[in-house]
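Read from first to last, the chains carry the letters A, B, C and D; within each, the first residue is number 1.
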Amino acid sequence: MTTRDSDTYYSGNASPSAAKHRIHWFHYASPQTFYPLAGRLIPWFAALAVLLGAAGMYVGFLVAPTDAQQGDAYRIIFLHVPAAWMSMFLYVVMAFWAGVGLVFNTRLSAMLATAIAPTGAMFTFLALWTGSLWGKPTWGTWWVWDARLTSELILLFLYFGFMALQAAIDDPRRADRAGAVLALVGVINVPIIYFSVIWWNTLHQGASISMKSAPTMAMTMLLGMLLMALCFWMYSIATILARVRCILLERERHTDWCMTELRGTP
Amino acid sequence: MLEAVSLGCVRGERRLFSNTGFSVAKGQLLRITGANGSGKTSLLRILCGLLTPSDGKVLWNTRPIGEQREDYHRALTYVGHLNGLKDDMTPHENLAVASTLAGCPAGRSARRDALAGFGLAHCADLPVRHLSQGQRRRVALARLALQNPSGIWILDEPFTALDAEAVANLSRIIAAHAAAGGIVIFTTHMEVTIAAANIVLVNLGQQADRA
Amino acid sequence: MIWSGPEEFFAMGGYGLYVWGSVVVVAIALVIEVSLVRQRRRALFVQFSRNGNTHDETQA
Amino acid sequence: MIRAFVCVARRDLALALRRKSDVANTLVFFVIVTSLFPLGVGPERSLLHAMAPGILWVAALLASMLSLARIFEPDFADGTLEQLALGVEPLSVLVIGKIGAHWLLTGLPLTLISPILALQFDLQPLAILALCGGLLAGTAALSLIGAVGAALTLGLRGGGVLAALLVLPLYIPVLIFGAGAVGAVESGLGAQPHLLLLGAFFLTSLASAPWATATAIRIALD
């Protein structure tokens, strides 16, 4: 990568190798070394996800006993609760990486935050979908203004806001930093929103209809849910690493290592 | 003394310039030349602290400008492409706000003299909306006369839209400022003769190349 | 294995529609997301190979 | 410090008063939206009475959000925002000045006019008092949080709608406790906890929002 030499004052090039002698733990923070590492990790996480998923579904759908009050409708819990956990967990992780990207100015962590958002939004949507499908047989309505479901809905809006903001800004650097500010402001407000929605829910409706009336956790049910949660987690890591590699290639298209990478087969 | 140490700037995916270094002592003028799109404006904005460089740093009296934001801004006056004027307000009001923000509020008479110095005495009380592009540019430049004499002026294409007489007037003011121990960093496409001791040149080269 | 036969398993105690409705949607969502990422990656390589070469001339 | 703060606020107020239409638009929007609901829901008194707090608060929230773009966008376009960022005083103090001016031009008028609209929905005097108290602190918190959204979307195409999309989820706690305050008075519970919480929201956003807005402005100017 040669740079233009000016006549009067300066010369030399600023290639990424100059950053090598800095602190070692920044080693994997440089996109060039992170890309192959992520490539090697993805198959492992994908395999783990499939294994855990199979185990979780087996326990959840073939081993767990039928519930006394809700019959077999409760089995949706094996998908609903892990999805809800993942949606909130991914938002916090996204805000963390966005904050790191803003503070340390490392492009890679900002790309990671951008890569997390779609997966987080998808899990939020799945939590809402399974939640309403579970609500129909149990409480007779598709949508229950329960505190946690409503907070999930608001979390979905926060994800859309983050993605819409990043899509609206062309310059990647500004998109990352603006998204970071929004994610940090959002993550501070999530607990506030959650508790105000709980207050609002108990105030108007009382606790008659709410998710708390879920069945008591038999051992196998808990195991099934934990397995599914781990499965979703592994799945998220694999998908997010794959997406961050795409973002890396899109943004670093002009660097040499990217060109050699792009000449190979996908 | 303002010093730029191996500055580099990447906009989007294009690397505008890299490893740019220079230093400007008191009383010196620095002119940044280069073709369109070679990153002159970005370099000026980096020197102001508005734009963070992708590598390198800017030192003022050997300390990074990021750490002494208040002192550096007290000494700095920046006139960019945008005039920084409110169309609904008169030049007088605009200057009043600008001088307060710069930390040295100027009285009505001082503002009138500053405007007169730029040949704007007759339209000092007209809303800026009614002024021509050249007059607006001069109102934006009138800010320079109000701030401290030994400060740093960073001017982005100050001579655009000015008529010959205003160009000569501005050159005289810049030369006087340098003589009084100030620093002026500017870009221009017009060949302007400024009667100053030494003008340091930094050339950012031709078209920006790929990163 | 608590189910006596496959048909009872699919009936899911009368709530088959809801349980399988959510399972199918979750599965579809995961598959769609994976294929979107894979497609995005392939599009990058295709786009690069199409205008990648002209890229090199301007660079040299 | 205070001098620059007052100077910025005074400039914004002077500018806005020269263009009275902007201020009036927000108020007229608020009145129109509140009177639309009865047309949609039907004139039935008890129903309107029950929905009154929600209608008034949602309308106030939308009205203050519409004028968000007016805080920074014109300054971003004509370069005065750059001069603010290069000013001697910290940017977040100047931003508070600008947000204060915006609140005086939108939040305060909304609060003053809301009792008249509340009579449309025949709320009791005590409920109207709770509404005004809530709106006073609530609209201030809305302006502060909204300023973050406005600063993040500076110079973007479709910025207005985008800013709304960003800040609406963050408005929800203020909406819940604002409308809840009026509802609490109606049901005899007393609105004290709600108003205290709204005050808390206002203070926390006063402490955190200007810093976030200043950071967003620096990012936009980058």
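By our rule, contacts are C-beta pairs under 8 Å (C-beta built on N, C-alpha and C of every residue); 3 or more make two chains touch, one makes a residue touch a chain.
Everything numeric here is computed off the predicted structure, so don't read it as measured data.
J.: Would you kindly say which chain has the C-alpha centre located farthest from the C-alpha centre of chain D?
T.: Result for max centroid distance from chain D is chain C.
J.: Comparing A-B against A-D, which pair counts more contacting C-beta pairs?
T.: A-D
J.: Could you please state the distance in Å, as a whole number, between where the Cα atoms of chain A are centred and where those of chain D are centred?
T.: 32
J.: What is the distance, in whole Å, between the centres of chain C and chain D, each centre taken as the mean of its C-alpha atoms?
T.: About 43 Å separates the centre of chain C from that of chain D.
J.: Could you put a whole-Å number on the gap between the CA centroids of chain B and chain C?
T.: 55
J.: Listing for chain C: what residues touch at least two other chains?
T.: None at all.
J.: By the touch rule stated above, which residues of chain D touch at least two different other chains?
T.: 222
J.: Where in chain A do residues touch two or more of the other chains?
T.: In chain A, 253 touch at least two other chains.
J.: Could you list, by residue number, the parts of chain A that touch chain D in their complex?
T.: Where chain A meets chain D, its residues are 154, 157-158, 160-161, 164-165, 168-169, 173-174, 177-178, 181-182, 184-186, 188-189, 192-193, 196-197, 199-200, 203.
J.: Going by the contact rule at the top, pick out the chain A residues touching chain B in the complex.
T.: Residue list for chain A touching chain B: 1-14, 105, 170-172, 251, 253-255.
J.: Tell me, which parts of chain A touch chain C in their complex?
T.: 61-66, 71-73, 75-76, 79-80, 83, 118-119, 122, 125-126, 129-130, 133-134, 136-137, 235, 239, 242-243, 245-246, 249-250, 253, 259, 262-263, 265-266
J.: With touch defined as at the start, can you tell me which chain D residues reach chain B in the complex?
T.: Spelled out, the residues of chain D in touch with chain B are 3-4, 7-8, 11, 14-15, 18-19, 77-80, 82-90, 94, 218, 221-222.
J.: So in the complex, which bits of chain D are touching chain A?
T.: Those in contact with chain A are residues 148, 152-153, 156-159, 162, 165-166, 168-170, 172-173, 176-177, 180, 183, 208, 212, 215-216, 219-220, 222.
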